[in-house]
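In what follows, chain A forms one complex with chain B and a second complex with chain C.
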Partner chain A sequence: MDSFESLSLVSPWLVLAGGILATMMISVVRVSTKRPAQVFAILTLFLTLLCCLKNMPEGTQVLFNGAMEVSPLTTLALALLSVLGILFGFGSSRYLTKEKIHFSDYYHLLLILILGASILMCAKDLVVMFIALEVMSLPAYTLAGFRRNDARSNEAAIKYYITGGTLGAVFLLGASFVFGATGSTHLADIFLWSQGTTANFGLFYVGHVLLLIAFLFKVAAVPFHFWKPDVYEGAPTAVTGVMATVVTMAGFVVLARLLGMIDSARIEWVPYFESLKQLIRLVAVLSLVVGSAVVVTQKNLKRMLAYSSISHSGYLLLGLLAAMTKPELIYSVWIYLFGYSLMTCGLFLLISQSEPREDAGTELVDLTGLFKRSPFRTLLWTIFLLSMAGMPLTIGFFTKYFVFLSSLDAGEGIFAVVAAVCAVVGAYAYLRPIALMVMRDADPTAASFKTSFTGQLAVVISALGVVGWGIMPNLVIQILKGIALQH
Partner chain B sequence: MVNYNLLSALLSLPVVGIFLSWIMPKTSQRIYAIFGSLVILAVSIYIALQAGDTPWDVKLVWLPELGLSLNLKWDSVSRWFVILNSLVAVLAFSLRGPWYRKNSRLFTALGFFLMFALNAAFLSNDVILFYLAYEAVFIPMIFMVGIWGSNAKATSVFRFFLMSFFGSVLMLVSMFALIYLFKEQSGQYSSSLPDLIQAASVKNGQALHWCFLGFFLAFAIKVPVFPFHGWLKEVYVNAPMPATLWMSAILSKLGVFGFLRFVLPIFPGLALENQGWILALSAVSILYAAFLAIRANSPKELLAYSSISHLGFVMLGVFSLSSGGASSAILLSIGHTLVSAMLFYGLHLVEERKDVSDLSVSHGLARVYPVLFTFMFIAVLGAVALPGTMNFVGEFLSLLHAFSASVPSVVVGALGVVLGAVYMLKFYQQLGFGEASGDQTVKDLGVYDIAVLSVLVLILIYFGFQPMLLLKGNG
Partner chain C sequence: MILSLLILFPAVGFLINGLLHLMAVNSKRKISANVSGFIATAAMVASFGVALYQFLLLRNIPAEGRIFEQTLFNWISLGKLQLDFTLRLDSLSAVFCLVITGVGSLIHLYSIGYMHDDETPAKYFSYLNLFCFMMLNLVLGATLPHVFLGWEGVGLASYLLIGYWYRDLEKVAAGQKAFIMNRIGDLAFLLAMFLAFRATGTLDLLQLQKIGLEPALVLPFGLLIFFACTGKSAQIPLFTWLPDAMAGPTPVSALIHAATMVTSGIYLLTRLSSVISSSETVLMVIAMTGAVTVFLSALMACAQTDIKKVLAYSTISQLGFMFLGCGVGAFDAGVFHVMTHAFFKALLFLGAGSVIHALHGEQDIFKMGGLMKKLPITSWTFIMGWAAILGLPPFSGFFSKDEIIYQSLTSPHGSVSFFILAVAAAFLTAFYMTRLLVLVFFGPSRVDAKVAAKIHESPMLMAAPLIVLSILALVGGWLGAPVHVGAETTTESHAIEYAVMGGSVVMALIGAFIAHKKYGQTSKAEKVNSFLLNGMKWDSFYLCTFGTGTQKIATGINTFFEEMIVQRLIRWSAVAVDLSGNILKIAQSGSAQGYLAMMAIAIFAILAWVIYGVGQYGKL
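Take a look at the complex of A and B:
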């Protein structure tokens, strides 16, 4: 492939990188104003989105001597990340003002985070993967501690940093083991190696599992989840939303890639692959059960969503598990990720716009009687919460639908039943806030929520996405299924 | 194509109704809602006349690679439920109350949404489409109970939602298993009912058994059959009257419809295998609910339990597994819909006039409101299945058909007929007879209520003498 063509393929990434520099310059030139940084960041994301749609690659293209690959999936994922970034960019300005967070710092760190996540999804080399992981994580640590005067925000940043640093070390250890066993850090070379031999099997096994654990940490699957609730609660809400969507998405794309690292069709790898499946099964069921059970007991909305995202990780792992048996079933994971990101984005924007007090996050009781005060906002809350619970006419139904279907298709029917029971438990948790909003009288002392027009608009757009996709799921699913078949 | 347009009108008209309710003035929502539901009722009756006894089966592709389509079927099973859905909506919209004073637009919108979801459920010939509609029914119900309900509404809604959702999620997994079974056999996804029936007919084994249980549990909770009735009383008592009317008159029929449309055709062999204990459960629920109704101390609670008891007879008819049993179950369902709608409608009219929540004292209202209590008396007679009403024919035929399958169940069930007379007459006695107390300033029934109730009485008695008109073309 000539270099010009490869340039056009990576153009969205280049545009994003350029935008980061520009946003950074803005913060140097005019520190006191807010708007230019926001405008620049959103403009950058718009351009990135356009570039993605314009330069959609046909099939998987390997770039930079196999260090990265660009496929319809990665480009589409970057497009979605840009859309999420735009929604967060529009939606959180009032929150940032309220929390006295520096605009230009926030926006350019947000862009770096998105860049890191999108490169992570393209990485075909363990070294590139590590660098991208750090590019994604360092802004996330910083953003988590952005409310400098708040003890919980500091706690969140330090906890996130320490767990993140540890998992970085675990990843490096795993990578070095894999390198020692296979003699390469290129995933393509490792794949070739697995077709030829099973020498150094023990070393590879340890290394591979360590790599997987590093990313199971990142997506907070049980038992690697303990950092998540504290970090979610302490971090500024707008940031939590970004972490919940962007980081989870990147984490699962990498997990899928790491699981496909060896040629599982070879007869000598079958027992090994079975043992990996056992690991994923265990983690998936634990995440589902712990996530859905604990989410019921939570009183703080952000903590509740932290546990909810743990149970969502469980569903996603079930999708991955199905894909380990039949690779084409990976589309259920992509569909879940896309739907989950959309509804989580809307929900976190709503929370960030609803926080009544500056120091504390939104408690469930703060929603009491919202229906009397603001029926429209209640409608928005209801849409997102019902989608989280997996009710029909929202995208949440179809995401679960495909995971259940693929589980059965892959012969993991019993896990579909477990997931179904967990969905009921989860549904109770998501119904509670709705009940509080609708059935109770408003607390007269409760603060009234004020939102900006653009903030409201961002939420409405994601709500329309959630409902529209729930009613007409065909379009996006066709695309994602096509991508899964190409892989 | 004409068929398709007509059937899809049953789905699109309620949606139009939802949007129009936000345009109509707040104060005339009741008139608008009654008029709107009458239009939909007229359309469904027109379809019934057009279609006659020929089933209509139309299909519109929705999600082709999953085999998901808007597959609508109008036949002898679905037609009565669709017509009753609109009729019940007219009645529920006719009730005056706080729901027309505060957030009245929301109430009518929720009502039309409920009509839409129920029509979609009753018309669907595709399991996933059915599931979507079946779940969508919860949404307006939760809000109706949540906003206009009383006392312990939150707990009752949670219990209602979670028990039903538990059943329906397991049903969803069973549906997936069937879809996957079809895919194994034919290589493509399809969720249309005929395909799944075909898939299940070839297959045999343990997995199918679990699927049967998944479906059975979902519908048994919905009907409900003992011991899955735990959600029912609380939510009936705490719901606002239109929601109670809807639940008792038509939502409970979703379960009956589910058995007739899905469970029996997909699992004929397994239904036969499990017939014994299901008939026994139905008989137990007739008797148990009748005892609970006798002990009940508020009229709404009594009617809630009587609903379970009557639906036990419907279940006997359904699981007699004969074509005659199915049509008698449908007949009795229609009768129960009319009677329970009349009873709840009448009860609301009584409650508008006097607080009757305590059944342990006599209220003596029959002397004060003779017209209202005449209608109530006819409804009570319908509920005790007096000859001459539809319910008599339905209960009699259900018991008759179940007799060949299980004699003990029928004997126990027939005891329920006697107990039914006990609690229904207690209901009427405590409300109607005895010394009147307090001041009665509100007048007896108005013209509109008399007209509505008279129409119901006429239908109830006319088909009581001419049941063949309804039984014709069934099964």
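Take a look at the complex of A and C:
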């Protein structure tokens, strides 16, 4: 491939990196400005989006001597991340002002996070993967502690940092085991190694599992989920939304890549692969059960969504499990990730826009009687919550539906049943806030809140996405299915 | 094409009224019930026109090809899974469409009068239109996911409408109960759908009927579908939500909890009849559940004092008749009864609504009485409904109910015990309906003096639907069963048929007579005890049986299902969830060290398992 072509493939990253520098410079030039940083960041994301759509690669393209690879999926994922970034960029300005968060700091860290996530999704070398992981994680730690005067936010940042750092070390340990076993950190070389031999397989097994654990932690699968409720609750809400979508998405793309690290089609590796499946099965079921059971008992919206996202990780792992048997079933994971990101984004924007209290996030009771105060916002809440509960005509139904279907297709029927039961239990939790909003009278003392036009617009766009996609799922599915086959 | 208009009209009505309501809340103004009611009713009438037109077209086509299809768009296409968003009208769905839009139009019209003083009529009418839209999707959907969409949608609309008067916490709870019980049934539906897709590779109902399932799978599939139907159609054990659902406005009870939504279980069973009826066990379970439900809920209806609760238990009982019909293989008789029941039960509910309206919210039948003179239209139409539900010839209920009772005895799947339960239920039906009738409309008035002065007949908007429905309750059965599903059931001997016919009518008359004797002269607001004082000799026999006895048995059964099973199930699952939640909360200590320790343990456990596994392969 000539250098011009590879340049066009990396152009979204170049645009992002340029935008990061520009946004950073603004804070150097004028500390007090707000708008320019926001405008710059959103402009950068728009350009990134355009670059992604313009330079959609044909098939998988290897870059930097196999250290990275770009595929339609990763480019499309970056495009979606840009869209999410734009929505968060528009939607959270009033929240940032309220929380006295520095605009240019927030926006350039947001951009770095997206850049890190995108590189992580493209990494084909364990070293690059680690660097990208840290590029993604460090802004997340910092952002979690952005409400500097709030002890809970500080605590969340420290907790996230300590646990995240430790699991980063676990990743490195795993990478060195894998290197010891195979003699390479290139995933392509490791794949070749697996085709030739099963020597050192025990050493490789330990390393492989450690790598997986590091990313199971990132997506907060049980039993590596403990950090999530605390961090979700403490972090500024706009940041929580970013973490919930961007980090989860990158985490699952990498998990899929790590699971495909060896040639599972070879007969020698079949027992090995079967025992890996056991691990994923266990973690998936634990995540589903714990997430769905605890989500019912939560009173704080952000904690509720934390447990909800744990159960979502369970569904996604079931999708991965199905793809381990039949690789083409990976489409259910991509559909789930895209749909989940959209509804989570909208939901967190809504929370950040309706926080009445200065010191804490939104409690469920704060929603009481919202319908009387603001029927339109109640409608938006209802759309997202019903989508979370998996109601037909929203995207939430299809995401779950395809996971169930592919589990069945892969012969994991019993887990589809477990997941369906968990979906029913979880649905109750999402119904409660709707009942509170619609069927109770408002507390007359409740603070009313104002939202900016752009903020409202961002939520409306995600809601339209959730419903439109729910009614006509075919459009996106066609794209993603095409990609899943190429991937 | 025209078929899509059928679902389009209610959808448009829903959107317009929804927008009106949003605007009304924002501008803090009130939308008149006349305006939003007119929009919603016009949408339903237009939809009814389309349904009627399509139905007439359909009749002109020879029986084999009686299907209209319209594909709106490609819904999902994913490898094996090819789903179009297709509406399909055949004679079965045409009957349901006519009932939904026809009875629906009347109930919409009635609602304009009934909800006249309501604060948010636009919200009410938008929910009502939403319900009709979803219900039409349920019966017109060509694929299982499309039916499921309607299935979930009507549940949601029903939930919203039961909790419509949300200021009353009890009503909110009733709505939630209905929703959760329906979710349990929905789970079974989902599982059945997956099973069918896995076995046949198709979700299209027509293809599913053609391919069928392999014998081993019919049993689980049939039982799952049946379980889903018990939730929606309020059969034992998932029936207790329906009496609670009476918390909603009365026209809602008439439309959703009598005429349409609760019959969707029968629709689904009939739609899949060719698949499930190859399993004897499935049919037997359906018939048994129906027979037991029909009898027990009729018994329970005898002990109710709330006018709407009597009708609610009566609905459960009548649904039991339909299930019994399906279970003995007489699916067409079941659908026939869906149609006639929609007429007369909607009539009875609307009549009850008219009474409640006239008495300013009073629902206790022991505080009514003697309303015949003051509410002539309501009374006479109610009497027509009473005659229909009793199965007196030539009213519609006679034809359909008699067919089911007859089939429960003579069908190859029938048995004497089903027959006895059905006849006993027919007898009880006559008893509790006559009790209701005489307590409300005849005898001396027990109405509070303050209320009595203000009693007035309902406005014409409410009276007109009553009159139309009462005519339908009379003539609705004359044409015979509207659909024929599966093999023709041959009439073995007319002698048996006439005997059954005459027998059930006589039983009904005896029940009515006893109830009339017993309740005809009730003058005080006292209930059972006052009758025990009655010294007539031959009274003592039925007083033992139907007086205290019935009360006790009925309350006992109700308590058993409500408290022992449903409440416990809910309580236990709540405790289980709470407990596990609390245990997990302990792990969620809040200290980072604790989390790290926990994760370290997890990592070590996994690694130990990995190394053990490696040792097993002997290759470390």
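Keep this in mind: the second predicted complex is superposed on the first by the 487 of 487 C-alpha atoms of A that agree within 3 Å, B and C clash if a C-alpha of one lies under 4 Å from a C-alpha of the other, contacts with A are read in each partner's own complex, and residues count from 1 in each chain.
Rule of thumb we're sticking to: contacts are C-beta pairs under 8 Å (C-beta built on N, C-alpha and C of every residue); 3 or more make two chains touch, one makes a residue touch a chain.
From a predicted model like this one, the values you see are computed outputs, not experimental measurements.
Between chain B and chain C, C contacts the larger number of chain A residues.
Of the two partner chains placed by superposition, A:Leu337 touches none, neither chain B nor chain C. Touch criterion met: A:Ser275 reaches chain C, while chain B stays clear of it. In the overlay built on the shared chain, the residue A:Leu9 is in contact with neither chain B nor chain C. In the superposition on chain A, A:Ala221 makes contact with neither chain B nor chain C.
In the superposition on chain A, chain A positions 371, 375, 386, 391-393, 401, 404-405, 408-409, 413, 416-417, 420-421, 424, 427-428, 431, 435, 438-439, 473-474, 477-478, 481 are in contact with chain B in one complex as well as with chain C in the other. Residues 62-65, 103, 106, 128, 131-133, 135-136, 138-139, 142-143, 146-147, 149, 153-154, 157-158, 161-162, 165-166, 169-170, 172-173, 176-177, 179-180, 183, 207 of chain B touch chain A in their complex.
Note for the complex: chain A touches chain B at residues 371, 375, 386, 391-393, 397, 401, 404-405, 408-409, 413, 416-417, 420-421, 423-424, 427-428, 431, 434-435, 438-439, 473-474, 477-478, 481. In the complex of the two chains, the chain C residues touching chain A come out as 21-22, 25-26, 73-79, 81, 145, 148-149, 152-153, 156, 160, 163, 166-167, 172, 175-176, 179-180, 183-184, 186-187, 190-191, 194, 197-198, 577-578, 580-582, 584-585, 587-588, 590, 592, 594-596, 598-599, 602-603, 606-607, 609-611, 613-614, 617, 619-620. Looking at the complex, you find that chain A touches chain C at residues 158-159, 162-163, 166-167, 170, 198, 201-203, 205-206, 209-210, 213, 217, 223-224, 226-227, 229-230, 271-272, 275, 279, 290, 293-294, 296-297, 328, 331, 371-372, 375-376, 379, 386, 391-393, 398, 401-402, 404-405, 408-409, 413, 416-417, 420-421, 424-425, 427-428, 431, 435, 438-441, 472-474, 477-478, 481.
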